[in-house]
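Heads up, the thing below is written out as structure tokens.
Chain lettering (A, B, C and D) follows the sequence in which the chains are written, and residue indices restart at 1 in each chain.
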Amino acid sequence: MGTGRLEAFTDGVMAIIITIMVLEIKTPHEATPAALLASLPILLTYLLSFVNVGIFWNNHHHMLHAADTVDGAALWANLFLLFWMSLVPFVIRWLDETGFQPLPTAAYGAVLAMASVGYLLLEWALVACNGPQSKLAVAVGHDRKALVSLALYAAGIALAFVHPWIAIAIYVGVSFAWFLPDRRIETPRR
Amino acid sequence: MGTGRLEAFTDGVMAIIITIMVLEIKTPHEATPAALLASLPILLTYLLSFVNVGIFWNNHHHMLHAADTVDGAALWANLFLLFWMSLVPFVIRWLDETGFQPLPTAAYGAVLAMASVGYLLLEWALVACNGPQSKLAVAVGHDRKALVSLALYAAGIALAFVHPWIAIAIYVGVSFAWFLPDRRIETPRR
Amino acid sequence: MGTGRLEAFTDGVMAIIITIMVLEIKTPHEATPAALLASLPILLTYLLSFVNVGIFWNNHHHMLHAADTVDGAALWANLFLLFWMSLVPFVIRWLDETGFQPLPTAAYGAVLAMASVGYLLLEWALVACNGPQSKLAVAVGHDRKALVSLALYAAGIALAFVHPWIAIAIYVGVSFAWFLPDRRIETPRR
Amino acid sequence: MGTGRLEAFTDGVMAIIITIMVLEIKTPHEATPAALLASLPILLTYLLSFVNVGIFWNNHHHMLHAADTVDGAALWANLFLLFWMSLVPFVIRWLDETGFQPLPTAAYGAVLAMASVGYLLLEWALVACNGPQSKLAVAVGHDRKALVSLALYAAGIALAFVHPWIAIAIYVGVSFAWFLPDRRIETPRR
């Protein structure tokens, strides 16, 4: 099987996730600067989530570009990735409604971490079906970066119970680490 | 007519259904483990629905891959399938709001059963327009599995009135039966 | 310009319209047959709208299939069509919230009528840019059927103020007239 | 990298934005002409937003049509554009809920202005990676029109605090300036 329809379906789901997140966010209660300022944390969380979905999409784009075929295992690994990404709007709404308390902040990190696991599963499934000598396998390598990110997310989840903003800082840091190199080396992997 | 635009439209609708289901789910009322636990049943129903849409998409992908042409009857059979799938978010919301009572649980099974009928109609329409010797007709065969699934859904709908969790167990069982072979024989049909 | 991206964008918008309509519908208040029955009118309106979007999509599919090129006028005629179709979920919600009163029922017909106007504008724009001898121009002809439909919608809008169900009956009738031939002659136009 | 998947993802996001805006709009409170009239301002704002997304999509379509390749910078410039466009439904909802007060009206202009900045960034990124002699670079030129539009949006944002309708009039004017030439010269740029 070719990669065309997998890419199309994934594009559709990611396009929807990235867009409907904004439906989950409550507007400022009044038309005042103070009310807009009070909405700033959730708007920044939306920005962070948008960037994260963008990073996943970018890397997905590059990875599938290097792959020639997909099999059933890759289809389900991809659905696993999309399942966890689809929960991002859900945890954002929870964060917004409860005002950035420890548990929802940890849940936000857990969802991003599980999406990263899904990305790794997809990577392994694609390498398995394209072969160890394939362009894809060479480009992906050992993907130490993804494993380090997972460890950082785990730390963030734990530290959310010390203070939510420590966790958020870690999530932002991981995103930066993925965002910046993408622009330089043009062979991003996640 | 080729199959391209039918696939694209179906991908779009399924991508939206699989994603907006999460909009229908109420977040936990508080930022506590107890509140998260109380949301577990509906989150698991979301997971079950996600897997079901994923199974339909996977099998649709394989079936259309084997088809060369579509006609008007196939377009409408496909819309019949999509109509019932589009009701999945609606019954999930009803389940969530009423707390897993018999009638919404039966309705959930009825919607999945009608979607399966739609899948069979699409299968028959495609076999009719691709011919009995086509690659598709050979791959599909008599599709006894789909008919057995329908009978099980009927049983689940009836047993929902004995106890909702019996019905849910049957729905989960049918999903497993479709999920597992897909990974082994790589020629899934539904 | 080729027709590819116009088709892709239209598929996306129609896929979303056909799917999000269900988000607008309130679930039955209770888990009882009586409550489900009370939701029947709005569910049937959803079915009618689903069929109508399906008819538009089907005919759009056939029309673009016969076209070779699109120009700026066709892009905007297509957006005009999509604008009115995007209001279908809005009027459905209004119908649901006010309980099928005359004005929203008339508005529902007006939205379908304007979408039909958009379809005719797109038809004319495509004939103009593909030429009077093109496959498309021959297939489309004078499209008397579309003009008769428009007249019937106008009648339905007026009669909604006599009784909403007269209007609904006319809308259903027009949909049937478009739905049935599609399956027989395989060269549907709207 | 080719432009195919960037176009597909952008089509998906823009299709969703253009469609879900209508979900944000409250229906008239009653089934009366007076209530419908009271909804007119927000419906016209929806129309204005629909036209603006349509203009962005049209110009994006033309620009990508002229481009041969995209790189990482173009992918992120495109995501920057989509981020600001995704906030359009959010500010429309805010406008609707607060009744067209100065701050949300200014915010609406700011979102459109930032989307225009995103469009310019994408234009520059594409020119940079396709080369100064490319078909794209010649077609785009200096894009004075986009810079003048930005200045007008800035004026609109400031004048929203004098009176919201002055700002709205400027936004409508800018949209007209983009809408009309598209139909005449067939080489729109934004």
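Criterion: a contact is a pair of C-beta atoms (placed from the backbone, for glycine too) under 8 Å apart; a residue touches a chain by one contact, two chains touch by 3 or more.
Not measured: the values here are computed from a predicted model.
Taking the mean of C-alpha positions as each chain's centre, the chain lying farthest from the centre of subunit A is C. At the subunit A-subunit B interface, residue numbers used by both copies make up under half of all numbers present, so the two copies contact each other through mostly different positions.
For the pair subunit A and subunit C, the distance between mean C-alpha positions equals 37 Å.
Between subunit B and subunit C the centroid-to-centroid distance comes to 26 Å (mean Cα coordinates, whole Å).
Listed for subunit A are residues 8, 12, 15-16, 20, 23, each touching two or more other chains.
Within the complex formed with subunit D, the residues of subunit C that make contact are 1, 5, 8-9, 12-13, 15-17, 20, 23-24, 71-73, 75-76, 79, 82-83, 86-87, 89-90, 93-94, 97-98, 101-104, 107.
Every residue of subunit D that touches subunit C in the complex is listed here, in rising order: 7-8, 11-12, 14-16, 18-23, 25, 27-28, 30-33, 36, 47, 50-51, 54, 57-58, 61, 65, 179, 182-183, 186, 188.
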